[in-house]
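Here come two complexes built around chain A, the first alongside chain B, the second alongside chain C.
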Partner chain A sequence: MAAKRSWELILIDLWDSLRPPSFDIMLILVATLSGILSVLEPVTTPPAVANAVLGAVLFVTSLYLALRASSDLVNLVQTGVMPLYLTYPISRRVTSLIIYLTRVFLPSLILLGIPAIVSGIMLYPVVGKNIGEFLIMWIAYLIQAQLYGSIFILASNKTKSTGTSAVISITGYFGYTATSVILALIGSIDNIGILNKIANSMGFYNVLYDMLTGISTPLWEILVVPIIFLALFITYIIYFTRRFEP
Partner chain B sequence: MEDIIIIDSVTKKYGKLIALDNVSLRVKKGEIMALVGPNGAGKSTLIKTSLGLLKRDSGKVLLFGKDPFFDPNARRSVGVIFERPSLPVSMPILEFLTHVSKIYNKDSKIIREVIELVGLKGKENTPFSQLSAGQRQRAAIAHALISEPELIIADEPTSNLDPVERNKILDLFTKINKENQLTIIISSHVLHELLRVSNKIAILKSGKILKVGTPDDIVKNVSIARIRCKNPLKIKENLEKIGFSLNAEGDNLYVKTESNEKTSLLLNVLSQEIKNGEQIYGIELIEPGIEEILEG
Partner chain C sequence: MFWFKKLLPRIIFGIAIALIIASVFATQYGVKTYSSWSIGYNGKSAPAILAAIVPTGSGIAKINITGVSQALYMNLTGNPLTLLGEAGGLGLKTVNTISHDDFQTGVYFVVTGLQGNPITAEQAFQGLVKNAQKIGNSFIVKKSVNPEESIVVLAFPNSSTVLINENFKVTGYGHISLVFGIELGIALIVFAILLDVIMRRSH
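The block that comes next holds the complex of A and B.
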């Protein structure tokens, strides 16, 4: 019974946030197109196919999550719909989890999943060599998207304005990626190996790509993104279970 | 009668601000309990604490025998209406209520029934954002009725409505209470509109319950006479001489009377004033506001 209740709340939140669906459809088309265009890439291994397609899609997905997880969530709280959800016989913790699912996990699953499927079909001769490796890379991108989504959804708590929330989230995303690039640049110019490793570890897909292509990877590099994500996710659940006391 | 809600010595603080100060209240099955108090009295905090949406600092809350903060199932037979009606904006009412009926595991025929009851027939497929203020409040009431609740909690449900809609919504609450034997808790800062619908009133101020009783217990014989006249200062002077307390606002005089004898005396004095040539355009006896009750 509790699962059925939760499922209906998931549907309410999803269907409401997808109206009007034009923006979402456009993004799905863009994601599909990037999968189709993967045939133009000179790639020879499954991880390289994943990097070629999903790198650009992750950027689009992150911006989308900044709107859905951050800006829209502020709107949900400010318009009083969230307090209404909380009057249902569903616990605050489950409601927090539902919001994460509808605002972060499902959108990233769909936006990263469609181009992965399309490129998998279009470049089957390459991907078919080792579907497992392709799947591992896809999961790496999905985990990276969860990291950004967790930051965005936590950022939404800090503001009562939808616009400010979106700006904070997008700035946070660019700040994170720019930090990674700057560390890599300094590391390359001054030949400081640890900076290169830190920059590399900030993208989970980089670390897994290295592993799959036989480059030795220390354990801490593998753990950076998943641990930060898990810490943020747990913080979100604990914090929002309290935050959802309107 | 069975207690639906038991609130026992509840204190809730927001930082240093004490929003509820050792509040105790019981609501029995079938009652329409009005929570009345000025803005900031703690009405909304009391409602949210009763629903388990806010964590109390101390005290006990039982909703249908369960602590709603720890057990969300306590809210299974409760319909809630907030001050600003908020349903998902883009979803048609019928579709939204269909999902909500499944949350409460109710048959879909209830949806048509509540839409008809609240007077939204013909608007089922209209998104919430396209409804008028009154229709939105009706949609929120329909939403609250979907669970076939035993208790409805309405937090200032009429505050954003014009007088005509306010009366219609209050009449709807009375109808629901009579036809479905529902217990209703309704809050407002306007006492007189709750006097006609409630059978029990709790007056709150600064986080404390000052009085609880039937409307007659609360109001007793306090009434306010509004006198519209040409020369308010002269009449004010004459009334003050014989012990009436009153306020002048423009051409209006507001006189508080605390017994039938005082009201009778006032009318006799005014009658004499008219005989003496004073022009009095109108005399109206109105129910007291919350300020007069608190002063009394």
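The block that comes next holds the complex of A and C.
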């Protein structure tokens, strides 16, 4: 029974999160842009195809998540839909997982998956050389999107204000990416190796790209993004389960 | 696409539109697979000349230099321009840098003069370099390069004008043809509509 109720809640919230036409516009936009990006410059290895296409798509996906998982989620609280969700006879932990699934995981899976399919078809002679490597890069981008998504969902749960959570989400995203760029810049100007490595490790796809192209990479670089993501994700689950008041 | 009631047909429709637009774009403005660049460089301006090809993808790089007494080459991983910065530590200075980039072929051609002691320049690169093949009056280097690799030639001018020709041919690249892209796109649109109708009926 609990499984059936959970499934119902997934469908209801997914319909809100992916409702037309905004999602469809986004979908056609990212799919077309990724198709065009994949033929702009000659990329001759599967990981390079992933970098050429998914880097730009990740940005769009993050903005979509920042609106849907953050300010839109607060709308649910303010319009009284969230209290209704919480009356479902399922535990809070399951509800928190469902909301994460419908607000962050599935939208990012679709918004990153479709460009990957389009660029895979567009450049099939290149991607076909090693589909495994292309998939690994795609998963890296997906995990990076989860990191941003968990910042957003945590911000909306904590603040419960549409404006505040949107601002925190976008500054959080911007702050993270800008920090990485600044660290890389200082690292290259002053030739400080560790700063370059930290900046590199803040993008999970950079680390995996280096590994796939045979550039030696220390183990800790692989762990940076997954650990930050897990910490944020677990904080969100605990907060929603124990402290969250809709 | 409010006329689609189900998620899967919406997604397939989106992919179809993207394939049609992108394959038209690819035919009109897409990647070129060959690029060439020639310059005449003042051989008196520097005791040594460094010519490099820095591509983003894999391909065959060819550098042809006329008017030099000797030419050495090497394959490098990474960007040779950062190496030039480090050459400063050896008392070498880069002067009169001329470059050309071709975005559609994904290649950056650069020629620069190296000032300082040419023997230091030669020693700095020794151990890593090979001698270029000499055909007639010109030295020719032709190598295949992988992504993240580049090719660098160090030459010592013996005439007032050094002619340099650099070209690059992309290998291992291919994209969907225009006809196949449009056909696949239309087929997917029809499939999306049928799928939506079937999924609606089954409910």
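FYI, the second predicted complex is superposed on the first by the 225 of 246 C-alpha atoms of A that agree within 3 Å, B and C clash if a C-alpha of one lies under 4 Å from a C-alpha of the other, contacts with A are read in each partner's own complex, and residues count from 1 in each chain.
FYI, a residue touches a chain if its C-beta (ideal position, glycine included) is under 8 Å from a C-beta of that chain, and two chains touch if they have at least 3 such contacts.
Owing to the predicted nature of the structure, the values given are computational and were not obtained by experimental measurement.
In the superposed pair of complexes, A:T87 makes contact with chain B only, with no contact to chain C.
In the superposition on chain A, contact of A:T164 is made with neither chain B nor chain C.
With both structures placed on the common chain, the touch criterion links A:S180 to neither chain B nor chain C. By the touch criterion defined above, A:I110 lies against chain C but remains apart from chain B after alignment on the C-alpha atoms of chain A. Of the two partner chains, chain C is the only one that A:V43 touches; chain B does not reach it.
By the touch criterion defined above, A:D24 lies against chain C but remains apart from chain B after alignment on the C-alpha atoms of chain A. Between chain B and chain C, more residues of chain A are touched by C. When the two complexes are overlaid on their common chain A, residue A:M122 makes contact with chain C while staying clear of chain B. Applying the stated contact rule after C-alpha superposition, one finds that A:N130 touches neither chain B nor chain C.
Once chain A of one complex is fitted onto chain A of the other, the partner contacts of A:S34 are limited to chain C, with no touch recorded for chain B. When both complexes are aligned on chain A by C-alpha atoms, chain A residues 20 touch chain B in the first and chain C in the second. Those residues of chain C whose C-beta lies close enough to touch chain A in the complex are 1-2, 4, 7, 10-11, 14-15, 17-19, 21-23, 25-26, 29-31, 33, 56-59, 103-106, 147-148, 170-176, 181, 184.
The touching residues of chain A, when paired with chain C in their complex, are 18, 20-21, 23-24, 27-28, 31-32, 34-36, 38-45, 48, 110, 114, 117-118, 121-126, 129, 213, 215. Listed in rising order, the residues of chain B touching chain A in the complex are 48, 51, 53-55, 72-76, 78, 80, 82, 84-91, 95-96, 99-100, 102-105, 127, 143. Those residues of chain A whose C-beta lies close enough to touch chain B in the complex are 1, 4-5, 8-9, 11-13, 15-16, 19-20, 79-81, 83-84, 86-92, 245-246.
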